[in-house]
Structure formats: C-alpha cells, structure tokens
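What follows is a pair of complexes built around chain A, which joins chain B in one and chain C in the other.
Now for the complex of A and B:
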C-alpha cells in the first residue's frame, strides 16, 4: 500500500521535473545572449567563427529556439547536460559543485529543523513564558535580517571570537584549508571548523521559521483530547507531551520540510558566496553573468530534482509517521 | 461508617476571575454509580477534570479531593500520575479525538497497562487483546493492530473503556461517554460500561446531560446548575420527590419517548459563569422565586421527607439534599404510578403541559402562588394542530405539499491522484418515497449516516434528482425554470442545525431576518421584522444585536424568524434543536408547534432524537442505510413499531424515569451501521436484525434474496420488512 502511494507520487514528480527544467531552459535560452561573450573580445572574432563555436555548444541564436531545445533535451535524456560557454562538460562541473552544496545544505537543514522543532515545542508548552517570549523575539529578528547581513555579521563575530581566544577556531573561508597535512582526524577537524559558520548562517533562518511553525502546531495539540487521555492513563505530563503531543504535531512540520528545501537552495547562494564555498548557488550566479544557458538549465534541473526528492522524502516520512495518509 | 472511595469536599474551580465550579461536594462508595447531571456550562465536566488533576492551564482548583483517604487535589504531576489510570480512570466524551491518531489501538491500551504494571511488551499486548475482547470488539487480535481512524465511534469508545479498566481501577469517571454516539450504539456502550463495572467492581461517576441515561444507570444523582450542585439524592428521590425547581423544570422540559404532549420549558437561559445573578443563580428563571431568593444563595440542605420507613444510612447516604429556600413547598409532577415510597400518593399522574401552563399547575399543587409571567407561551397552541389526525383512521384528505418518490443520491468514491478511477459508490439515499401534506409534520429519523440529511438537501436543491422524482408544492423539480425555482424558494424555507454557524456573525438580527425579504423585493422590511421577532418570542429590540450577543435558543429563534419571513408553506428543519440545551430545547419545540398551527405550515423535520420527534411530528419516517424502514403515524409507530429496526431504535432510547427505564426491555443490536459503500443484497438490516436471527432457514432465504419494499397495514403504517409485525 505504501509502496504504491510512493510510486504514484514518483510518477507525478518526474513529470513535474521535466516541465520545470524545460521551462527553465526555454527561459534561459530565450533571454541569455552567449553571442555577446564574443562581441566584447578584442580582436573581435569573425562572425562565421562565432557561429561555428556557438553551433558546437548548441547555443546559436540563429538556429530556432525549438531546435536547440530538442537537441538539448535529447542530450538530457541521455544524461548529458551539454557544455558550458567555455566548452567544459556541464556534468563534471555540476558533480563537483553539487557535492559541496549538498554537504552544506544537509548539515544546515538538519541543525535548523531539529533546533526549530525543539525550540518551537518547548515554547508552546510554556506559552507566554520566558523561553516563548525570547524565542519569538529572536526568530522575528532573524527573519527580518537578510542572509547577506547575517552571514557578514557572523564573519565579524567569528573574527572577534578568534582574536579573543587567540587561535583560529572558526574558519571563515572555503571548505578545507588548502595544502593541509595530517591524519584523517586533523582533516575532519579542519572541515568542521570551516563548516560551523555557514551552517549557523543557513540554519538560523530555518530554525526561526520552523520554531514559529512548530509552536503553532504544538499549541493546537496541547489541548487535544488524546493528550488528556494519555495523562489520564497515568503518563507523566512530560511523557505525554513528547510521546503523544509532539509525535502528532511534528507530522505537518515534516511536510513543510519539502518547501524549505527549495528556499534553502536560494539561501545557500549568498552563504556560498560569502564563505567562499564553490557550490551550485555560486555557480548559478556566475553562469547567469556569463550567459551560460546550459549551466543555468542544468542547475534548475538539479534544483527541481532536489526539491522533489525532498518532497518525496517528506511524503515517505509523512506516510511513515501518520497512518491516516497511508490509505490515500 | 465506611470510608468512601472518593470524597470531594467544597471543590471550587475558576478560570481567572470566572468561577466554573462553586462549591461541590460528593462522596462515592465502592461500586456505586453517581450520576451528575447538568446543562452545558454547569461545571460538571470541569469538576471531573479537577478531580483527575487534568484541568487546563489557567484553571485554579481549591477544596479537597480524597481518593481512598489520600488528598490528591494539588498533588504533583508525579504523585497524580501514580493514581491516574490505576486507582481512578476516565472515559471522555468525544471518542473521535480521545485516541492518539498515530498509534495502534492495541499499543495505546498496552501503554496504559505498562505505565502501572511491570509487564513485558508481549504480555501487555496480550492483555490489551483480552481487554478489547472484554469490551466486545469482534476479532480483538486483529483489531488491536488497527489505528483509531479505522474504528467506528462506538468501537473507539469501547477501546477507551478498555483503557480505563486496564488496571482494575476503583473509580471510573465517565464524562458524557455516549453523547457523541448514536442511540443504538449508546445502548451498547452503556452495556459495556455495566460489564466493566461488574468486572472491576469500580464505582462510576456518570456525567451526562441525558436524564434518561442517569435514570437507567445511576444509583444516586447530583444535579448541577451554574457551577453548584442544587439537588442530590437517590435517583428515585430526585425523579419522584423533586425538591428543587430547576430539577423540576429539567424533568418537565425533557422530551420523552413514552409520552407525547406539550413540553414545559424553563424560562430564560442559563447564566454565564462570569455574570451570575445575585442570590440563587436559578432565581431569574424560577417560577417560584420570592424576594429572599435574590438576596442570598441557598445551600444544600437535607430535605425533610415524610419518612415512611427508616432508610439504612450507608456511605454518602441516600440522603436527599436540595438547595432551595422553598424546597419544602416543591412537589414533583413527574410521577410514575409504580414509583415507590411516595408518601401521599396521588391517584393519577399529572401530565405536564396539556394546556401549556404545566409549571404553574405543578406549583399550584404545592399550594403556592405563581408569578404570572412564568406561564409559558402559546396557551392556545396544542391540541388544535393535530386535527388532521383526529379522525384516527388514517385518511389524509388535505393537499400534498411535498412528494418524494424513489429519490436516489449516490456519490462516486474515487481513488488515485494522477489517474482518478472509481472504486465504489456511496449509496447515501437509495430509493426514498414519502409525501407530506398541508399542516402536517413529518419527522425523518435515523442514526448518523442513514441518509436523512442527504434526502433533505436533495429536496432543497430543487433540481432533477439522479433518480426518482421530487415535487414541491405540486411542481416537479425536474421541470422547473430558474424563475420558478426562485418562486418555490419563497414557499420552501429551511432552518439549520447549528444556530451559530447558520447566521452571519457580521449581520445584525434585523439584517438577517430582513435578508429574504430584500432578496425577494418585498418592500421595506422594518415592520415585518419586528412582527417576525415577536412571532418567534424575541424582544423586537433584539433586532440591533449581533448573533454572538444572543443565547443558543435565541439564535435558533432568529433562524426560525428568517425562515418564516416570506410566509412559506413548507419549512424544512435539519436537527433544529439538537445543538440546544434541554431547558432551551423545549421552548423551541413548543414554538415550532405553535407556529405550525397558527400559520398553517407543513414541517419536514430531520432529527436523530426520537423523543424530540415524538413531541412534534404527526408522522414519522425511520430511515436505515439510505432507505425508509418504516413510515406512518407517530403515535402508532411509537406505540407499536412494525419494523425490527424501529423496535430496536425505540428500545434503545432511555426514558427519564427510573422505574420505567429499569423495567424496559432493551433490544441490543450487534455491530455498527453498515458502511454505505457495499452493494447490499436483500434486506440491508438483516446482519443486525434480531428478528432475522430467530427466523427459520426457509424464511431467511427471502431476507437474503429479496430487498423488502414497504408494505402497508390498514392504518397508514408501512414497514419495509418481509416479516413486519403489524
């Protein structure tokens, strides 16, 4: 039953990805102008050479958009996203950068959502208490500050902290220290030091949103009859709240996970830029500037794919957590 | 004297400055059943939650609650958790929300076992299955693995009871355990509670607003009003030797299955807990109030009875207490011929409300003067309206206002998101035929899911039904134009169940009542609105108010005024009084009855409460699973039901009279209502039919093979049963 439920969803998603990616390609190919990359060169290459080069890359605006789309789509179906404006394989480039973004996002997501859910649940249990008031204030403050400002504040804070303790504890640039020698433990520590700040930058906003959401969900079930039943059985209040109230209230939050995943991809763009992580977000910005149609389309495809994988994971989790939807 | 199991002394509960319970005391002996009765807002549920230590945050409780001699009020969460579920357990009102949706039912019961007993998982799971078996869940082993949403309401309440008795408690508090259930399921659940009581020997506190349930189930009872107990004593004392005018009013206003006639409502409406009147809280509604009542609140005091034989004093005692300055003067009119121990027995029982002034009579009998305004409205009302039936031979010569013939409404059930496919059909209404004549009231009764509301909605749509035919005021709905439809709507009006939800909260009463007049361009509505408000017993000055400023009964009167604005000929009422408290309900029922006779209306009333229908309908149609099981004159059907389902349904309705209720034979139906999805062969009721069970094999074949059509007896009574007992 559950496998059937997930399979049905999967088919829906494949169709959605195809549509989203095609639209992204058509939009990018219709608005970006790779020819301009050559026109600004000095000496300016002859038109026939540019045409030949653009034809090679399937970027020539003289061939009809639909023909280019078909060529591109045929490649995508074979698993080939074409070449960048400089002639490199988009696939190779993407593979390298997707790993970077994924590592950043997954830790950010895990830390952000767990923190958010716990903070929200605790705030709801003691509604209008100190914790509730403080977290409410903090989350609105975080939500009001753009990621750019927040990330830069973190960098400044980290520098101050490093000066204070007199050692480079928090590293603010890149994913690893280049040319680092040492065993796996030293490398792991180095990665962790690099990871702290970008993770905080990503997860703060996430935790802020999640805590507000979870607080409201929790408030809905706190007065629920089944929580009262659990206590009437002889469960302590805390046990009843965790086992019965939170367990039920976390279900909608899991579905919400899918939606945050999409916004997170955009969120990482700034974080990657500021902390010098060479991930997909950074690449997306760069490729728009360089009129790199194929990369833009490929990243859109990856983004669509990621959002839908998250949605599928959310559905699977939802079905696993809530027996009522399995019948669907 | 034996120490009571549970002793509550001077319990007070308040939410901020608003008192919800104002001094409640009772004692509960081992194995005893105490019924606590009161209308909504009387504090009965809050008091129970206070005893369990489960009050919501923001509530403050004071007083004393001693469980087996130990004070538990104000105990720590840890201390309370040791008692809850073990010594004292609770069954809640709404079984749909009382179980955690994400855990298996068996696991939830096993959890209750494991909280208090050192047992392994396997053993607790086995115990859960045993308990489910005890409360009558079929196939308990398989059912223990199901989730709450896979249970019907009755089964969930059984599971709740299983959970409550898991640790063999001394006290079970049942907070309206059957209010959310259908009447046949209520009978089953009460039976299960009796089993549970037999099994555990537990004392039960039964909180309910249903005086019938208390009459049949409880040993002693306590009546609450505005947060205080106003009368307590043995069930017989309170029902037959009532000493508090509120109890008296409550008993007079309850619709009863075993007698028709006019109800006597209590004037006014219950006070809001934040704004109690000075003195006795009931004084503004009390027909017996004197000046002293407005100055001080009477306390519960022993009633001086003309004792015939000395009663042995036991725990809690059969002592009869009432909180009324004039308790000695109150005399109960609700008597049963066989009520025991009545000092000055009267030769014949006084039947209340023959002419609409039963209260004054009842009080007159006690030899006291009456406030004139306590005489209830509609003195001219009853008796006249039943002229149609007066001939008694079932000839109904008056014109037909509504004709429904073979009405069918099926809903497709689809599955799948990308490719929708039809997986079944809900046969909500499956061939319903009846007619309604001018000046007549037809009650459409049945349990939830039987299709009664769907039938009503199909009629209101005024379009061609999927199958069958509807004719409203002689016009076939399949052949009317849009303009005709507008015209028919003037003559066909509706009153809905929930008076709050059916009135726009942002419109004043005036605008609500004037809206139909404006929609049909009936000129300036002002004078007509005043007239309508007066007609339904509202102060015309209420026109400027908003619905939220009115009480439930007043809101429903606004709904009725709106329905009457266009002078309709046919009014359709969907559960018009089910959202109202008993004391309010009676007033609305009487109003409907008066309006019908005064304005010559015809009513089609959908209701699940058979006692309410008994009081208002001339004819009754009993629906089961999308079809009419029995139809005919109300007095005949209530007196001698021909269909086994009607018989079981009527037997399941409790009667608020202890002696009558305890001597009644109850036909318990197995199982729940069938899901409307299946395609039934033969008679749909046969799976639960007590008559089918005793038929011979040859006779049964007919029930299996052939769907029964309605057969008519001589006097306008028809039953869809091959073996109807006319």
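Now for the complex of A and C:
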C-alpha cells in the first residue's frame, strides 16, 4: 500500500519533470535564435558553413522543430543534454557550475533559516517587547527590497566601506581571487571575504520571511497546555521553551521551506549574476543572451528536479520531527 | 396575502436601517483603525498621486533629452538630476513607476481570478476535473517561472506589454489555487451549497454565487499581496532586460542603468530604487492589515 503510493508519486514526479523540460526546450527552440550569433561575426561566415555548424549542434532552425526535439530527447534519455552554442558539453559545464550554486545556496539557506527561526522565536517569547517591534519593522522593510536592488545596495555599500577603511575588506566579484598565493589560511580568508555579501543578499529576505512565520507559530504554541505542563513538572523556562515549544513550532516552518524554495532559486540567480559567481544562475541568464537552447532546457530540468527534491526533503524532515507522521 | 410594492420597499428599507453594520463597513473600520493599514494606504495613495499627477508638474517629458546637462545632480531645472543620456530622472522615474504600477495591479488581479476559478472548479467538481487542473498547477509550480518568462521576452517587445502582464499572471496563481481548492472541498458539503444543489441550481452558478463569495476575504488579501509579488517579478525581469523593453521604461530598467553610475552619481540609482521599495512596502502593509481586518475570529 505504502510502496504503491510512493511509486505512483515518484512516477508522477518523473512525468512532471519530463513535461516541464520538454516545454522549456520547445519554447526555447522556438523563440531563441542561435543563427544570429553568427551574423554579427566579421567576416560573416558563408551560410552553408553556418548551417553545417548548427546541424552539428542540433540548433538549425531550418530543420523542423519536432525533428530537433526528437534528437534532443533521445540524447536526454541517454543522460546527455547536448552541446552549448560554443560546442562544449552541457553536462560538463553544468556539473562544474552546480557546485558553485550549491555552496552559495546552502550557506544562504542555513544562515537565513536559522537566523529567521531564532529571531522569530525570541520575538514571540517577549511579544510586543523591543526586539519584537524592531524585528517586525525590519522584516517589513527587508521584504520590500527586491533582491536585485538589495544586491546592488550591498555592492555600493561595500565600495563605500572599503574606501572608508582604506583596504579591500569586502570583495564583490567572484568566489575566489584568481592567482592568489599563500597558505590555506589566506585562501580561507579570501573565500570568506567573497562569501559575506552574497550570503547576506540571499539570506536576508529568507530570514525576514521565516522570522514572521516562526513568530506566529511560536505564539500559538506558547499558550499551549503542554508547555505549561513542562514548566510545572520543574523544567527550567529555557529548557521548556527550547525542547517543547520551539521543537513543536518548528515543524510547520519546515514544511513552509518547500514553498520558499522557488524564491530561493530565483534569489540565487540574481545574486550570482550581480556578484559574478560562475554558477547555474549566472549561466541561466547568460544562456538566454547567447541563444543557448540546450543549456536553457538543461537548467529547466535541474530547476524542476530541485523543486521536487525540496518538496520531498520537506516531507522527510516533517516526518523526522513529528512523531505522528512517522507512526501514521 | 401579498404585500404591495410600497410596503415591501418600506420593510426592506427599515430592515436595512436596523441591520448591524455591514461586513464591508466593519472590515473598513478595523482596517482604518490599525496604524499599519492607515500608513500603508496613505503611502500607496501618495505613490499613485506622484506617478499619475507628478508628470504634469515636471517640465520635461520622459522622451526629452537635455543636451546641455549630462549626468547632472538634482537642481531646480532637473529635480532628480539627469542621466548620462541627458534624460530627466524625475520624468523617466515617474514614467517607470506608472508602468510598474499598472503591470503589477493588472497581473495581480488576473492571477487571483485565475486562482479562484481553477481552485473552485477543481474543488467543486473533483474527479477528473480536479486531477487535470491540479496536475497543470503542479506543472506550472515545477517550471522555472523566471527562465520561461525570460525566454519569452522577445515576444514582449514593441508595445506588447499586455502579453507580458498575462504571462506574469500565469506564473503567480498556483499556490493560492491549491488553498482555494481545499476550502471549496469543505464548502461544498455545507448546507447552503447542498440546498442550492438539490434545488437544481447549475454547478457553475453555485460556484459563482455561493462558493466564491465565501472565499472573498482570502482572495482580496491574495490579490493585494500579489501586487507586490508581480511588481517584484516585473522589475527583476526588466532589470536583466527580459521585461519591459526600450524605448519604454520600467523601474527595473532604470535601476539596471543606475547601478552603473550609482557610486559617483547616486541620484541615477536611489530615486528609482527608493520609489520601488516604498511602493512594495505600502502594498505589503495594506495586505497585512487587510488580512487582520478580514479575520473572522477577531473580535470588534
């Protein structure tokens, strides 16, 4: 029964990913124009040469869209997403970039969610206190700032700060300084200097959302009987709050994670592009400018996969935290 | 015995006078009593006034170029300064604000209507209707919206912004429609819906007359919060050159141009960015207080 349910769900997920990726491919192949990449070259290559090159890459708009789709789909079934407009393997390119995106996203997610949950919980414990009022106001302000504006504000702020101190403390471009010499300590410091601002840009909005949500959940739980019982049986206030109230209140926040994941992906895209990290998000934007149909389709596939994995992970975490789900 | 028409009119008029304050008035009262709601509404009114009446006060239009003033700081002649092209920042910023507001409002209303219809039909008819509609919803949730909209951007050029609004709305409605579906499933078992069904009222009429009015609070709040979501998506797309296309301007394109000169000409960036932040803040404040005011469990 359970296995059948899981299997049906898994099949549904695979079908969803396949349809989403196919739609993205057809849309990209229909609107993007790889031929225009060659028309701006000087001297302009003869048409037969361009046709031959585009045929090699399965990007020729003279062959019917459906034929191109079948060729592409046959490759994808074998696990090959085709070639980029410059003839490199899309798989290799994305594999290299996935690590960058994963590092940025996991750091942002961890910092953002932990800060948000802690701030929200503390604000709820002293409702209408100073912290509660300040964080409520701040989260409203943060949620009104789009990521593209926030990232640029951070870059402007960092330039100003570096001028003020007279040293390059905060670095705003890339993940590491190319050609850096020195021991592992210097390299670690360099990475940290590059990481600070993108992490803030990514996690601030996340922290604001989570703190609002967690505050409301915590307020519902604080008045509950089981928290009073925990204190009545002699637990210290802190232990009762952390072990009984917070743990219960965190469960819905975990489920909420699946909803915020899409926003997180978009936020990562903007952050990577503005801070010059060579990850998937940057490639997403660049691939549209370079009419790179195969890369667009492959990134859609990765994004669809990631959204479904996030939904599954939220379910699994929910089960791990809530004994009722585990038993049922 | 039948009442004459005049008597009927008198009775219903009297009932109206004696009735408790209407729900609309109750909600409006609650909304206006909260400081948050008041400041949000005032801010948004100011933003609208600035966007639509402001250009009349300025002496430059958004297409004018002042070839005697490139990248000049704010002055009496150019209230917000000028860009590198000599365009008046005040004029282009207000033009962009207009565009962003119109796009945001239309997309929000459209997506809420879509969410209400899809959710209510899925929840009321169940069976294959539900499975098909919810599958489409899941599919759109899985598709990366930003990427799809960006790929479609060549179609939005040359004054095709209504198409852009429609596409924007197409990627905003999914989560709400799932909530609407859940609420419809519980509503359809209620007595007043069953009574209507047994009287032979057609299903579509039931949905429009009984189901959707009962979800109006949720939908109003959703439409409000969608305005800010739509504005944020629009400006982000335009920032990267995928949304509103030149020669038209949006706050997103202005912010993108402004970042290049922001460090030595701050006026090119901060006016557009500031107005965008104020607009989104105002809409969020209104949405949040509306949610509180429409909460049926709240006293007063």
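We adopt the following convention: the second predicted complex is superposed on the first by the 300 of 328 C-alpha atoms of A that agree within 3 Å, B and C clash if a C-alpha of one lies under 4 Å from a C-alpha of the other, contacts with A are read in each partner's own complex, and residues count from 1 in each chain.
Following the convention adopted for this analysis, contacts are C-beta pairs under 8 Å (C-beta built on N, C-alpha and C of every residue); 3 or more make two chains touch, one makes a residue touch a chain.
Not measured: the values here are computed from a predicted model.
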{"item": "Joint occupancy of chain A by chain B and chain C, clash or fit", "value": "fit"}
{"item": "Superposition-derived angle with apex at the Cα centre of chain A and sides reaching chain B and chain C, degrees in steps of 10", "value": "70"}
{"item": "In the superposition, chain B vs chain C on chain A residues touched", "value": "C"}
{"item": "Partner chain in contact with A:8 - chain B first, chain C second, else both or neither", "value": "first"}
{"item": "Partner chain in contact with A:153 - chain B first, chain C second, else both or neither", "value": "second"}
{"item": "Partner chain(s) touched by A:95 [first = chain B, second = chain C, both, neither]", "value": "neither"}
{"item": "Touching partner for A:324 - first (chain B), second (chain C), both, neither", "value": "first"}
{"item": "Contacts of A:168 with chain B and chain C, given as first, second, both or neither", "value": "neither"}
{"item": "Partner chain(s) touched by A:230 [first = chain B, second = chain C, both, neither]", "value": "first"}
{"item": "Which of chain B and chain C A:247 touches, first, second, both or neither", "value": "first"}
{"item": "Minimal inter-chain CA distance - chain C and chain B, angstrom", "value": "6"}
{"item": "Footprint overlap on chain A, comparing chain B with chain C", "value": "none"}
{"item": "Chain A residues within the chain B interface of the complex", "value": "8-9, 11-12, 223-226, 228-237, 244, 247-248, 251, 321-324"}
{"item": "Of all residues in chain A, those that touch chain C in their complex", "value": "16-17, 19-20, 23-24, 27-28, 31-32, 140-141, 143-149, 152-153, 155-156, 159-160, 259, 262, 265-266, 269-270, 273, 284-285, 288, 296, 299-300, 303-304, 307-308"}
{"item": "Residues of chain C touching chain A in the complex", "value": "138-139, 141-148, 150-155, 175, 228, 232, 235-236, 239-240, 242, 252, 255-256, 259, 262-263, 269, 273, 276-278, 280-281, 284-285, 288"}
{"item": "Touching residues (chain side chain B, partner chain A) in the complex", "value": "49, 52, 54, 56, 77-78, 81-86, 89-90, 92, 94, 97-104, 111-112, 115-116, 147, 149, 160, 163-164, 166-167, 416-418"}
